[in-house]
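Pasting in a structure now, in structure tokens, and then I'll have a few things to ask.
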Amino acid sequence: MQLVINGLVIGSIIAITAIGLSMIYKTLNFVNFAHGDFVAFAAYIALFANTSGMHLASAFLVAILATIVLGVFMEKVVWHPMRRKNASRTTLIIISIGLALVLRNILIFIWGGSTRNYNIPVRRGFEFFGATITPNQVLVIIAAFILVFALHCLLSRTKIGKSIRALSDNIDLARISGIDVDRVILWTWVIGLGLAAAGGVLYGLVTAIRPDMGWYLLLPMFAAVILGGIGNPYGTIAGGIIIGLSQELSTAVLPTEYKFAVSFVVMTLVLLLKPEGIFGGAK
Amino acid sequence: MGAKVNILEVRDLVTGYTDLNILHGISIHIKSGEIVSIIGPNGSGKSTLMKAIFGLLRPRGGAIVFKDHDITGVKPDAVVRLGMSYVPQEKEFFPSLTILENLEMGAFIRDDDISDSLERIYAIFPALKEKGHIRAGALSGGEQRMVGIGRALMLSPDLLLLDEPSAGLAPVMRDMVFEKITEVNRAGTSILIVEQNARRSLGISDRGYVLETGVNRFEGRGLELLENEDVLRLYLGG
Amino acid sequence: MIEYVDILLPYITTILLISSIYAIFSLGLNLEWGFTGLINFGHVAFLAIGAYTTVMFNMSGFPLFVSVIAGIVLSGFFGLLLGIPTLRLREDYLAIVTIGFSEVLRFILLNEQWLTRGPFGIHGFGRPLQDVIPYQHYNTFLLILYLVILVIVYFALERLVRSPWGRVLKSIREDEAVSSALGKNVFWYRLQSLMIGSAIAGLAGAMLAFYISYIDPNTFKPIETFHAWIIIILGGTASNKGTIVGALVFCTFLSVTQFINRFLPFTAHQMGAFRMIVIGLLLMILMMYKPEGIFGKKEELALSD
Amino acid sequence: MKMDILSVKDLKKHFDGVKAVDGCSIAIETGTVVGLIGPNGAGKTTMFNLISGFERGIGEIVFKGIRTDNLSPFKIARCGMVRTFQIPRALTKMTVSENLMLAPKTQLGERIWDVWLHPKRVREQEMQIREKSRDILEFFEISHLEGEYAGALSGGQKKLLEMARAMMIDPSMMLLDEPFAGVNPTLARKISRHICELHEDGMTFLVIEHDIPAITKISDRIVVMNEGKIMAEGEPAEIKQRRDVLEVYIGGER
């Protein structure tokens, strides 16, 4: 039971961070290897705001905002010019690796490589069917639920959300319909990175934060994206939960250190057996 | 209708993909309120012409003028704003969006209430109203075509480009599509059709052009074109 | 005067030694990426397999030469294993799977202490001719040996990429549909390239182990893979000569920047991070503005479309 | 009585419910030129992809007595069937000569061990292949382009290059996808002359073409496809007289 709860908590974080990875993968047609480092960046901004006296709730918002600003900046300076040059997918992938290195080491440069915690009171967990749940874990699950619901409303109710879906559906027709493709791509970054940032801050609530946390989240996120089918946000959420659960449940039989390997194995199996993802999704 | 002016004029258009030129100097014009068909054997450059007019392909020579604006090499979203819409031959709808959302995408550049446009589309295609919340990908071919044309009509364009509107449809559906096209035209939209089904599309057209390997060879009034022996010879080489 | 030589000579020897190891490591990747277009982000895994296999074989009593061969063969074999699920799919799947593999492997090396001694690392294994060469000249000997190996690897690769085999690789990199329409087994060629590239990385692993005479899992962090990427892109994708020059330039850069903290108020930790920032920026800027590198031919660059 | 080099029986291919190819059977005699025509979307290119193995369908394809419907494209090519592409796919970052020398099958130098251990034999074979490539370039009258990067060629020259490259594997049958599309008239005449010359030497061709006057001139037989089905088959003169064929092109209602 304890493992299930831990799995759900981690899984929901993987799910909301991976949505952005999945959306960008589909819309811009490349794998953003720097995605995890945006997650870490957000966690550190929250840490910075929090330790300089801000309440965690406002630090949460500051972190999301800062991450989005950074993402928009990158779109303007790197991705948009490269798209105009018709850069190949592989070029973009390699650039994203460079960006990942830069971001991660900026964090190390400023805050050092050690683990940090938010400045929040430690509260006792409560019993639940023989497992202990901390209030923070509850908070994470609730927040993730709210975010997924908000995302669902955004994608299905608002014009910008619909145009994001339109873009990943049929980018040529979107252009023909007069949709300002560049602007919608910008919004895709904003939403994807906003969710990633939220996930990063929440991650800091349940475990300590480290500069390379984004790196260690990257593989589970990829696994979630591939499991759920690229560009399918709902599939990615399900994939994230599955990965989170299987990681935690694996600790019942395997040493804890191999949690990380679980997502790798799951991902490779999916690639071998059903490369388009188990929840459908366009290839 | 008063003196008819040219709503679209294409002069000596040259364009193509990679380094192969597909069009070698096409000149056509459409008067306000007309239906004009472009016919011709496979590979004569009909679809390419459409794409070039709409700004999806960069012209390498010649000029395109739409309602007195020079739109040579202008991007599609700007062309849309000027009042032109385009229904491509394939993938003319967003498969994972619902019918309603597909139509909304057609009015993307409008920020105000679009219910009037929706009502207008529903009046033309009543079938779309009932199924508004069904994903377009799950519809039949004929319904998908309606979604595609409906999307393009959301902004009440002055000129509608249709690329093979009857392709891949059952005969009943074809009849319906051509009927709707005339209906839309009567409401004031000029229409340019590219069709393989030359007889049907010329049947509803005011004028027609015959393309042959990237140049326009014949121009004439509607079905009269098909009485021309040279045109027939073009199709099968006599 | 004499003092300078005494300090400088070992210093240069060290740089050249490291450069030659990096050069061979990167040549393997250049075969995969430069000539075949495979994105391998877990190249370091094969360095690790080569190093660990060599060392562990040697410590269980096999002669050095046999151990090195075992390291090379096993690295190639793992290249095969990773290639099978991914090389039929889109090119980015290989990137994701290899990067995952290299980290999973590092975890295994860290945690299976019965096999690898985990974080404590392994030392005390044999090095080539260590009983014959006097200690103070050992690095010089190693350098000569490594340069010979580098020359052999270089010429073997050059012969390969200039052969009909290399021609097939180039055609696959550009348009695999054409290659298969002409009767070339695209999947099998990609697999061969990945295997050979990995085997070469395995050789570099053995060389690395002999040079530092101590290996632990943290010698094989993912960053090593990206060092190789920088080296290749710096030198010019699909140029073996460029890769070697790239390795030399890069290792000199790494080594010289160690002195920068005399001028900048950085801690050692910050200095490391600063170097990585520079490397990351370099990778981005090269890919954005000069993807053909210093020695690459622009006409032959596979990236431009 | 000549043998059928290729026989296709009841071939089908559906995409998301659309019947691109819907039960087609063709038999092609050795040494003939067969033209495949039909309006857009009739399924000609899908048919090509099925025959050359680039797509999988249902049905039976027998080429030179071998069932090929389950083989990968490269294996089919090795049986001696080579195809070109609608938009010419020259390997633009390789020279014209490299493009040609790539093609021959079972080159010694395509095996790693032979490259390392038998450089001399590999070199000798390369010389032979180079000789052959020069002969073929000469045949197609593009010898002067030998050292150019293929990317520098014009669209029409790329079509010639593609055919020349295909010739390098000594095929017994060539599938040409719109050899005259986008090519200027002089070059088109040249291409059709080359096809005729190769035909006289006994090569079999299946040619998709929309330039009907050009294709009827070079073909022994014409196959007309419409809506995934074969609607007519016969000699060019016969096909040209058929009213129903004209009707599908200009859209007669049936």
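Labels A, B, C and D are assigned to the chains in the order they are written; within every chain, residues are numbered from 1.
As a convention for this text, contacts are C-beta pairs under 8 Å (C-beta built on N, C-alpha and C of every residue); 3 or more make two chains touch, one makes a residue touch a chain.
For clarity, every value in this text was computed on a predicted model and none was experimentally measured.
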Reaching chain C from chain B through chains that touch each other, fewest steps: 2
Neighbouring chains shared between chain B and chain D, ordered by label: none
Interface with the most contact pairs, given as the two chains involved: A-C
Identity of the chain that, by mean CA position, is farthest from chain D: A
Inter-centroid spacing, chain B versus chain A (mean Cα positions, whole Å): 42
Chain centre separation in whole Å, for chain C relative to chain A (CA means): 31
Geometric centre distance via CA averages, chain D-chain A, whole Å: 48
Pairs of chains, among all present, that meet the touch criterion: A-B, A-C, B-D, C-D
Chain C-facing residues of chain D, complex: 52, 54, 72-75, 77-78, 82-85, 89, 91-94, 98, 101-103, 105, 107-112, 115-116, 119, 122, 126, 149, 151, 165-166, 169
Residue ranges of chain C in contact with chain A within the complex: 37, 39, 41, 85-86, 89, 91-93, 95-97, 99-101, 103-104, 107-108, 110-111, 222-223, 226, 229, 233, 269-270, 272-274, 276-277, 279-284, 287-288, 291, 303-305
Complex contact set, residues of chain B against chain A: 54, 56, 76-77, 80-81, 86, 88, 91-97, 101, 104-106, 108-109, 151, 155
Touching residues (chain side chain D, partner chain B) in the complex: 18, 39-41, 87, 154-156, 178, 181-183, 210-213, 216, 239-240, 245-246, 249-254
Contacting residues of chain B [partner chain D, same complex]: 16-22, 39, 41-44, 141, 164, 167-168, 171, 195-201, 213, 226, 232, 235-238
